[in-house]
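Take a look at the structures listed below.
In the two complexes that follow, chain A is the common piece, with chain B as its partner first and chain C second.
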Partner chain A sequence: MSFTRKPGGKALDILQNLPRISLANLRPEPGTKKAEKKRGRGQHGGNRSGRGHKGERQRGNRPRLGFEGGQTPFYLAIPKYGYNEGHSRRAQYQPLTLNRLQYLIDLGRVDPTQPIDLTQLVNGRGVTIQPQKRDYGVQLVGEGAGIFAAKVNIEVQMASEEAIAAIERNGGMVTTGFYDPRSLAVLCKPVPFFISGQPIPKRMLPGEDMVPYYTDAANRGYLADPEKIQKARIALAQKYGYILPDISKDELFHMLSMIKDPRQIFFGLSPGWVVNMAEKKILKPTDDKLLQYYSS
Partner chain B sequence: MLGVRSGRRLSEGLLLEESEKGRLVVSSVVDGSLANQGLKEGDEIVGATINFDQLSKDDVLKILKLMDDNGFDEKVQVLTKNNLSKSMGTLDSIKAPEELASSFSGENALPSNLRIPSNLVDRARAKRPPPPSDSSLPVLRRCDAAIPVHLSPVQTWVETLERRDSKLLGLVDLHPDVFAVPTRIDILHEVELWQRNFKRISRAHTKVRSEVSGGGRKPWRQKGSGKARHGSIRSPIWRGGGVSHGPRGPTSFYYMLPMKVRVQGLKIALSSKLAQDYLHVVDTLNIPTPDPQYLMDLIRYRHWGESVLIVDAGEELPENILQATESLKTVNVIPAIGLNVHSMLKHEVLVLTLEAVKFLENKLLWHNERFTPLYPFKLPYTDLP
Partner chain C sequence: MPRCIGAVLARGLQRSLTLFARGQQICRFSTIIHHQTVQSSVLTIPAWACLSAKAFLVGRVAPLIPSLVLQPSRNLTYISLKKGKRKSVKSVVKRFMRLHCGLWIRRKAGYKKKLWKKLPARKKRLREHVFCNETQTKLLERMTTKFWKRNLFVNDPYKKYHECVNLKV
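The block that comes next holds the complex of A and B.
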C-alpha cells in the first residue's frame, strides 16, 4: 500500500469520516506556537524578573555598550584604517556563471536566437539585480566553461577572460557595456518605467576609473575599436588553444553582430522616445534642442 | 481462526468448517471447557463478538480489512467502550456504523472517551460516495488545464435549482490540484487568522502621565509634611494619573501572508468541502421565484445543511437569487472573486456554478507555474509563465 494513485491520498479518505472542518476545528500544528514567557508575575509580587540582585544591573543604570570601566575601550584603542572605507559606495556586479547561463538556455527561460541582454536575463529570472543597492550590472564568470555549448550574443557589464573564451569558442559574441544606475533601473524593469511616461534617458558614459576597462579590446568593451576586438579574439583563441569559428558565414550573423550604441538602452528604441503601453504607441520628440540633446 | 471471548482466550479449542450451504459449522470440539458454552459438533455459528482489547493493532486492521472486503453493512456493529459499559440489552440505542469516525489509524473507530450529543448529526443527510466510474450521466465539463500524469480528476454531480426535486443533470470533472489537495488544517488556521487580523486597527489609546492634564507642579514639599514624597499628581501611582504601559494610539495588525499560502488555503478549503460532501455544483443560479422560502425548501429537501454559500463567476447575478437571499441570514451569494477561507468555513455548504468552477480552477492553478513577480502582477507582463 505504498503508492496510491488517488489525488489527495489517504488524507481525504480519513477526512470523509471526520467532523466538518469549521472555524471551531482549526488549530496550528502542535509545537509551532510557544507560549511567551512572562517575567516577574510570581508569588509575593514576583521575583527579580531576570534582572539580577541590586546594583546597576537591577536598577537599569548600566554604562554604554563598549565601556570597559575606564580602561581605554577596544574600539578606541585600535587605530583606524580604511579597510571598509566607502564600502557602501563601491560598485557591485552580480555574478553569472556559464553553468547558470547554460541552465537557463536549456530550460527555455532565455532565448539564444535573440541578443541576450540584462533585460532578458531578468525576465527569465536568471539573475536578481538591485540597482538601488549599488549593483552596476552582471559579470560573466568562467565557472562551467568546460560544459558551455551555446552560441549566444550576450551583453554584460564585466566578463572574465575564461568566460569570453568559452563563449567565443562556441561561435558567440560577448560585449561589455556600462549602465549608469538610472539606466540600469530602466533596463531591469522596463514596464514600470514605460508606464511612468518618462522619455527613455540616454545612457551615461562610464566614470574616469572605468573608462580604461571599457576601451580595452581584451575586455570586449563597447567603447573599444572593432578592429582591435577582432585581433583580441584571434589572440584569445591562440592563448586558450581553440580554433576561432568564422561567424560571418553563420546564418545568425546579423543577430550575433547586433551591438547597442553607447547611448542606447534598448535595442530598437532610441533615447528620447516615449513608449505608451496602453495604446501601444511610441512618441518621438520633434523639437530641435531635444533632438540635439538626445543624439549627442 | 476466530477466537471466541468468554473471559479467557480460547483459540485452539474449536475447529470450524463450511457446510454445503455455505454456512459456518462447528466440526469438532477439542477442549473440554468449551462444553460449558453449550457448543457441540454440528452447531451453526451465526455471529461472533470480537473484543479488540487484547489484540495488537495489526491484527485489528487485518480483521477489519477482511470484513471490509466482505461487506461491512448491517452484519457488523461496532461498539465502543461507553456503549459496552451499559448492559448488552440496550443495543437499540447504539448508532449505525457509518456515523462513527476516528481521528487515528484511518479506520472507523471513535476515541473511547468521546461523548456525542444526539442532535449532532442530521440523520437523513447521508454522505454520498463519489460518482462511480460506470455512471450513465454525461460529463458536462472536463478540466481545461493539463492534469499531472500521476493524478486523475475528481468527479461530482451537477444539479439544478430550477425545481425543488429535480434530477441530476450530469457529472463534472474537477482538477485534482485544486479540489483534491491534501488537507492542512494549520494552513487553514493561518489564513483564517490572517483574514481576521490584517484588517484590524485597534483604536484603543490611553494617556501617559505627560499627556494627562495638569501634574506639572510638585504637590507638596519633599520633606517635613509627613506625607509620601511625590513629584506630580498625574504619576501612574495616583488616582486619575496616566497609564504607564497602556495601549498607545491606533495600532495596526497588518501583515501579508505569502500569496501562495493564501492560494493553498483556498485550495485546501475547496478540497475539504468536496471530500466531506459539503460541495455541490449547479449549472446556473436561475431560480423560478424570488421567494426566499423556495430556497429554504430546496435546501431542506435536499438535506444540504444549515448555511449555504452560493458562488457565481461574474459580477452580474440573476435578480431572483439576489432578491431571495437578501433577507436570508444563512444563505448568501457572492461572486467568485470574493471567495475566501473564512466564508467557506463559516457556511456549512458551498454551492458553485460551472462557470465559477472554471474561473476558480483558472485562477488557482496559475500560481502553480508562475515566475516570481518583478513588479506587481497588475502591470502588464508580455510572457508570464
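The block that comes next holds the complex of A and C.
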C-alpha cells in the first residue's frame, strides 16, 4: 500500500491545531525554579523577622567590622610588621606547570613545531599575564615532570631545575629571557600594539639584581655563554639520570636552536620596525641615528 | 593689636587660623559689597575678632587642633565611590600576612617593648610569628580583598609556607 508517512506524524497534527505560543501558555520546566526563601515571615519565622530582640541588632545599628566595643580591636593591637612592605615593587611570575603545558599541546592550543613564546602561550590562553600588576612573565614549574612528553623549544622568564630537566630529557630546549614591563606588554598583546603604530621597542637588559640569574648557564639564561649552557645540559642529565638526546641530529634542529637576540622581542622582527596591520606592510627606519640606536 | 594676637598663637594653629580668617572674610562679602583685598597671612584678622580675642579664638580654634581634626577612618568600604568596589582595610595589610593555604600570620604584641624586664623564654615566645585562630581569620578575610590572597613573588622568604605539605586531616 502506498502510504506516505509524514515525519512527526500525529504530533505534528496536534501541534498545528494548538493555539499560538504566548506568555500565557508558557511555564518553566518543573524542578528548574525553586521558590525563594522569605526570611522572617509566618507564624514561627515572624514576629521579629529573624532580627533578635531590641538593641542594635534588631535596629540595624551594629558598629563597623572589627569594632570591639571600644577596647583596642585585635587587628590594631597587633604590632605592624613589614610582611607586605614594598609588595608593589616586587616582581611576580605567573606559574606554568608542565601538566598545563602538556595539556595545551595535546589540545592543539600551542604549536610544538614552532618556538613557544609567551605570545604563543597567551594566544592559546594558557596563561594570563598582567604586566600592569607587576607581572614580569611566566615561570616554568616542575609539577607534572613525570608525564611530560613533548619536544619543544620554549622561552620563559624563569624556570625551575626540574622543569628544565624534564624538557631537555624529551629533546627540547629551554631559554630564560628578561622582558621589561613595556616589552612584556608588547609581547603579551602584540596586535593592539601594532595597531597603535609605534615602532617596536628594543628590549631592555635586566636590572642589577637579575643579571646574575640571566647570565647563569644553570638557569639557561639568554645572556649566558653557549658553551657553558652545553656543559650545564650534560651536568643536569647526569644529575637527573637520563641520557641527553643530541639535538643537532634532529630534523627540527633549526627550529629548536632558534633563540632571540637580547634586544629582540619578536622572532623575525627587529626593534625599530613599524608593523602596519591594515595594509600588511612593515616599515623599517633608514635614518643613521635611529639605526644606531636600535642596533645598540 | 592684631600683631600681638598673632604672636601669642602657636605655629601649629596658623593653618587653621588662616582658614578661619578667610572663612570669616568670605562671610562678610555677601553682606558688604565694598570689600577689602583678601590677604592670606596670619596677622590680618578681622577687626571685630580682636575685641574678646583670647577667649573667643581659643574656644573656636581648640577643636581645630590636627590631632582632633584628623581622626582615622576605620570603616570598611563595601562599595567605593569611584569604582564601586570593595576596599581592604590598610591596618590589616600592614600587620598580617595571608599564606596561600588560608592561614594568617602575625607577630606577637609587645615583642619590642620592655625587653629588659622579660626573661629569655618569654622574649623567645614573643619573637615567634604565630597563626591567627578561626574567628580572627574570618574577620581578616572579610577585611581584605582577593588581591592580598595570592602572591607569586620570586625570592619570597615565605614561599615554602604558602602550601601545606604532608598535611594529615
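In this text, the second predicted complex is superposed on the first by the 215 of 296 C-alpha atoms of A that agree within 3 Å, B and C clash if a C-alpha of one lies under 4 Å from a C-alpha of the other, contacts with A are read in each partner's own complex, and residues count from 1 in each chain.
Rule of thumb we're sticking to: a residue touches a chain if its C-beta (ideal position, glycine included) is under 8 Å from a C-beta of that chain, and two chains touch if they have at least 3 such contacts.
Quantities reported herein were computed from a predicted structural model and do not represent experimental measurements.
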item	value
Which superposed partner A:Q43 touches (first chain B, second chain C, both, neither)	neither
Contacts of A:T286 with chain B and chain C, given as first, second, both or neither	neither
First, second, both or neither for A:S88, with chain B first and chain C second	neither
Partner, of chain C and chain B, that touches more residues belonging to chain A	B
Chain B versus chain C as contact partner of A:M158, first or second or both or neither	second
First, second, both or neither for A:L65, with chain B first and chain C second	second
Touching partner for A:S296 - first (chain B), second (chain C), both, neither	neither
Touched partner set for A:L26, first chain B, second chain C, both or neither	first
Which of chain B and chain C A:I78 touches, first, second, both or neither	second
Chain C residues touching chain A - in the complex, by the definition given at the top	74-76, 89, 91-97, 105-107, 109-112, 136, 139-140, 142-143, 148, 151-154, 158
Chain B residues within the chain A interface of the complex	101-103, 106, 108, 127, 150-154, 176-177, 180-183, 185-186, 188-190, 192, 269, 271-272, 275-278, 342, 345-346, 348, 371-372, 374-375, 379-381, 383
Sites on chain A touched by chain B in the complex	5-23, 25-29, 32, 122-123, 125, 188-189, 191-192, 195, 277
Interfacial residue positions of chain A with respect to chain C in the complex	64-67, 74-81, 83-84, 87, 90-95, 135, 139, 158
